[in-house]
Amino acid sequence: MKSGLVIATVAVSVIGSCSDAAPTTAGERLRVAVSFFPIAEVVRRVSGDAASDEIEITTLVPPGEEAHEYDPTARQITHLEDADVVFFLGNDFQPNIEKAIASLPGTVVRSDLLENVEMLDDGDDADTHVWLDPMNMATMARTAAQVLSDAIPALAGTFANNAATYIRELAELDELFAVGLSECDSTLLLTTHRAFAYLADAYRLQYSAIAGTSPGDEPAAKSLAATVELAAQNGVTTVFFEENLPSELAATVADEIGARISALATAESLNGDQIAAGETYLSLMHRNLEALRSGLSCR
Amino acid sequence: MSTPILEVENLGVKYGSHHGAHHGRSDALYDVSFEVRRGELVGVIGPNGAGKSTMFKAICGLVNHSGVVEVNGVHCHDRTDRMDLAYIPQRNDSDLTFPITVGELVLAGRRRFNSWWQRPAAADRAAADDALHKVLLGGTESCSLTELSGGQLQRAYLARALAQQASVVLLDESLSGVDEPTTAELFEVFNTLSADGTAMLVATHDLALARRRFKRCLAINGTLRGDGTPEQTLSPNILDATFGSLGRS
Amino acid sequence: MNWLTEPFQAEFMQRALLATIIIGIVAPVVGTWVVLRRMANLGDAMSHGTLAGVGLAYAAGVNVLFGAMGAGVLIAALLLWFSTNRRLGQETVIAVLGTAFFAIGVVVISRLDTGVALTHFLFGRVLTVTWGDIWLNLALGGAAVLVVSALFNELRLASFDHVQAEQVGVHVELVQAILVLLLAVVVVISLRAVGTIMAVTMLVTPAASARLLARNLRQMTLLGVVFGVGEGVGGLLVSYHLSSSPGATIGLVAAAVFAVTFAITLPRRMPHHHRPFG
């Protein structure tokens, strides 16, 4: 089924090159669209140097924009229709983008990178930040390598190598987290919004969030009071808030129990400054680890 | 008694200089000149829309106007020069449900003797109380305006003018929709104030009433059509000019 | 009793209580005049319009309260300017300005990459009010109450009969301008706690209830404050126990009080009633 689609795609891209006004020298580059930052990171690492020569990657969510509620512009949807492959995360993580992708013509290969990722059973308001577990990133890298190899079989070896390298780096990161968070005075991770369930699950931390998953969520007064009590009982000394989001809620709880606040990156988008500083998923996660080790008093 | 307390010379008002502009003619009022003496009670007659209210507002400096208004021999340049004037609006122009008591209404007249930051002093309260008694409303200080009859309301406004020690009071249609006993009562109060030296101009479109009650009438329709005793002012010629054919019924 | 005290054990709820009480006092003190002078639609436009200032201040990294205040003053100034055009009624100018500024606010806030949600300002975040907010509100609100009490007489004269007021020396237009500024102050102090939409509720509803009952202005102001504080605290309590949005719950309680007051005073407002005199 999948290879059939790919053949159709390649055929379309060949036909496309005949009618296109400005074909590139060595024929058409593979047009790959990705939904947002972690996916872009995976695809870029897997395609490696081929990215510039053979593959053209565009990211839907612009730098610094909020990823969940992002609504693709009319121009972006037109570009999406011209794409060969689209990588995204399903499961209602980005409803507007998923809607746009669902309406694309059958010629576009759609790859939901949640495939093969083990989802947490997290109730109604489920956390979707699967990429905060590095091993999920590894799974996504494997899937991406497969899809890209199907699209450009000639580069299958390169993609496999690139993926293997990236997965090794991710495994090292995973090891650092596992060791770094194994002996901590506090085992309760408390954050503003419910975005770190996968991270907490991977490293056996208890997890609680002040508000729901959406950045606009507000807790009810009673549940805020309950959170304060939970934090006090667990001797929480640091309340974490999401980098780039307001810290008031975290500050309110921290204030009650005499704790401090500290930022954690959700790594769902980079702002302009972070891009200029050359930040990557790995660098963000290394900083997250430091913040966690200090906030949870780990040895 | 000889010097005029209010002198109006060549008063004119263009349409559009206040709200409710009409079209077609350019002057709402032109070339109005007259004098009023201390303690005089003057009826101002004319049909609705003839410019009686406009004239009052111009005299009070509330609308842009040409010509000269002098009060107590002082040329009025802006509104603050006219604290000796009191304007009593038509009944429909005030919000009677406004949470203000009769006592507070009358005290409003005392503001001219105080600065913005000053509260009414004992002397002000005494003057307000005095004024209320003069208009036969003693003891109604704490009433709200909705509790007053039409005649009582006019008297309460008169008390405010008294408290303000205005030398000239302009009453706009204060006799409309008021029954005969109430009218009699009001004129009793007018006469009291008049005896005290307060000049009063009372606008009305009721000719029969004007004939009976006033010694002097001004006939207004766009300009001053007549000025004199009711017999002089309400002559057929002047009535034609003022009211058209309606006036002779 | 526990029902009353339990919610306020945590300090954040004590801060929420204080913020609500400040609004409950200041909003009706100013709102009394807004209701009497029939300026409620201006209050509405002002509260929505301040969103522009909030958005721009956020984008510039300035305290949003200053942005809101700036937008409020700008709206007031533009209103005075546009109102000199006789072709347009004031309510038209008010609607144009209010919606235009609101639209600026929505566009700016939705383009911000700080993850600040529009709903934070529309409905407030009373649970995250800081001591800094409270001190600022106390200062601004205290100033507003002082101004109103200093100008109480002038406001009364200008509002009841502006013609006579001018004659006896009241600067009616200045009083009006000050009142519009006070309106902006109320919106600003409501912003963090109950949000811009509920700011109008607190401005108008308690004062409207008081208007139905009060015989004079002092009564109306005091009753308005009693209603405002009662509705604010009551709404906060109810929202705690129902786990509902504090701002919206306060608004509901205020509306319920108004409905009851309206029903109670209905017989009194019937046309046939006796006049004690003549």
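Per-chain numbering from 1; labels A, B and C assigned in written order.
Criterion: a contact is a pair of C-beta atoms (placed from the backbone, for glycine too) under 8 Å apart; a residue touches a chain by one contact, two chains touch by 3 or more.
Bear in mind that the values here come from a model prediction, so they are computed numbers and not experimental data.
Undergrad: Going by the stated contact rule, which chains contact subunit A and subunit C alike?
TA: none
Undergrad: Would you mind checking which pair of chains has the most C-beta pairs in contact?
TA: Result: the chain pair B-C has the most contacts.
Undergrad: Of the chains shown, whose Cα mean is nearest the mean of all protein Cα atoms?
TA: So the chain nearest the centre of the shown protein is C.
Undergrad: Just give me the whole-number Å value for how far the CA centre of subunit A lies from that of subunit C.
TA: 43
Undergrad: Measuring centre to centre with CA averages, how many angstrom lie between subunit A and subunit B?
TA: The mean C-alpha positions of subunit A and subunit B differ by 79 Å.
Undergrad: As a quick test, compute the distance in whole Å between the mean CA positions of subunit B and subunit C.
TA: 39
Undergrad: State the interface residues of subunit C toward subunit B in the complex, per the touch definition above.
TA: 36, 86, 150-151, 153-154, 156-157, 159-161, 163-171, 211, 214-217, 219-220, 275-278
Undergrad: Using the touch definition up top, name the residues of subunit A that touch subunit C in the complex.
TA: 64-66, 215-216, 218-225, 228, 242, 244-246, 248-249, 251-253, 255-256, 271
Undergrad: Can you name the residues of subunit C that touch subunit A in the complex?
TA: Going through subunit C, the ones touching subunit A are 7, 9-13, 16, 113-117, 119-120, 125, 127-128, 130, 236, 239-241, 243-246.
Undergrad: Using the touch rule from the top, collect the residues of subunit B that touch subunit C in their complex.
TA: Residues 16, 21, 57, 60, 62, 79-80, 82-83, 85-87, 89, 94-95, 98-101, 104-105, 108-109, 111-112, 116-117, 119-120, 140, 142-144, 147-149, 151-152, 160, 164, 182, 185 of subunit B touch subunit C in their complex.
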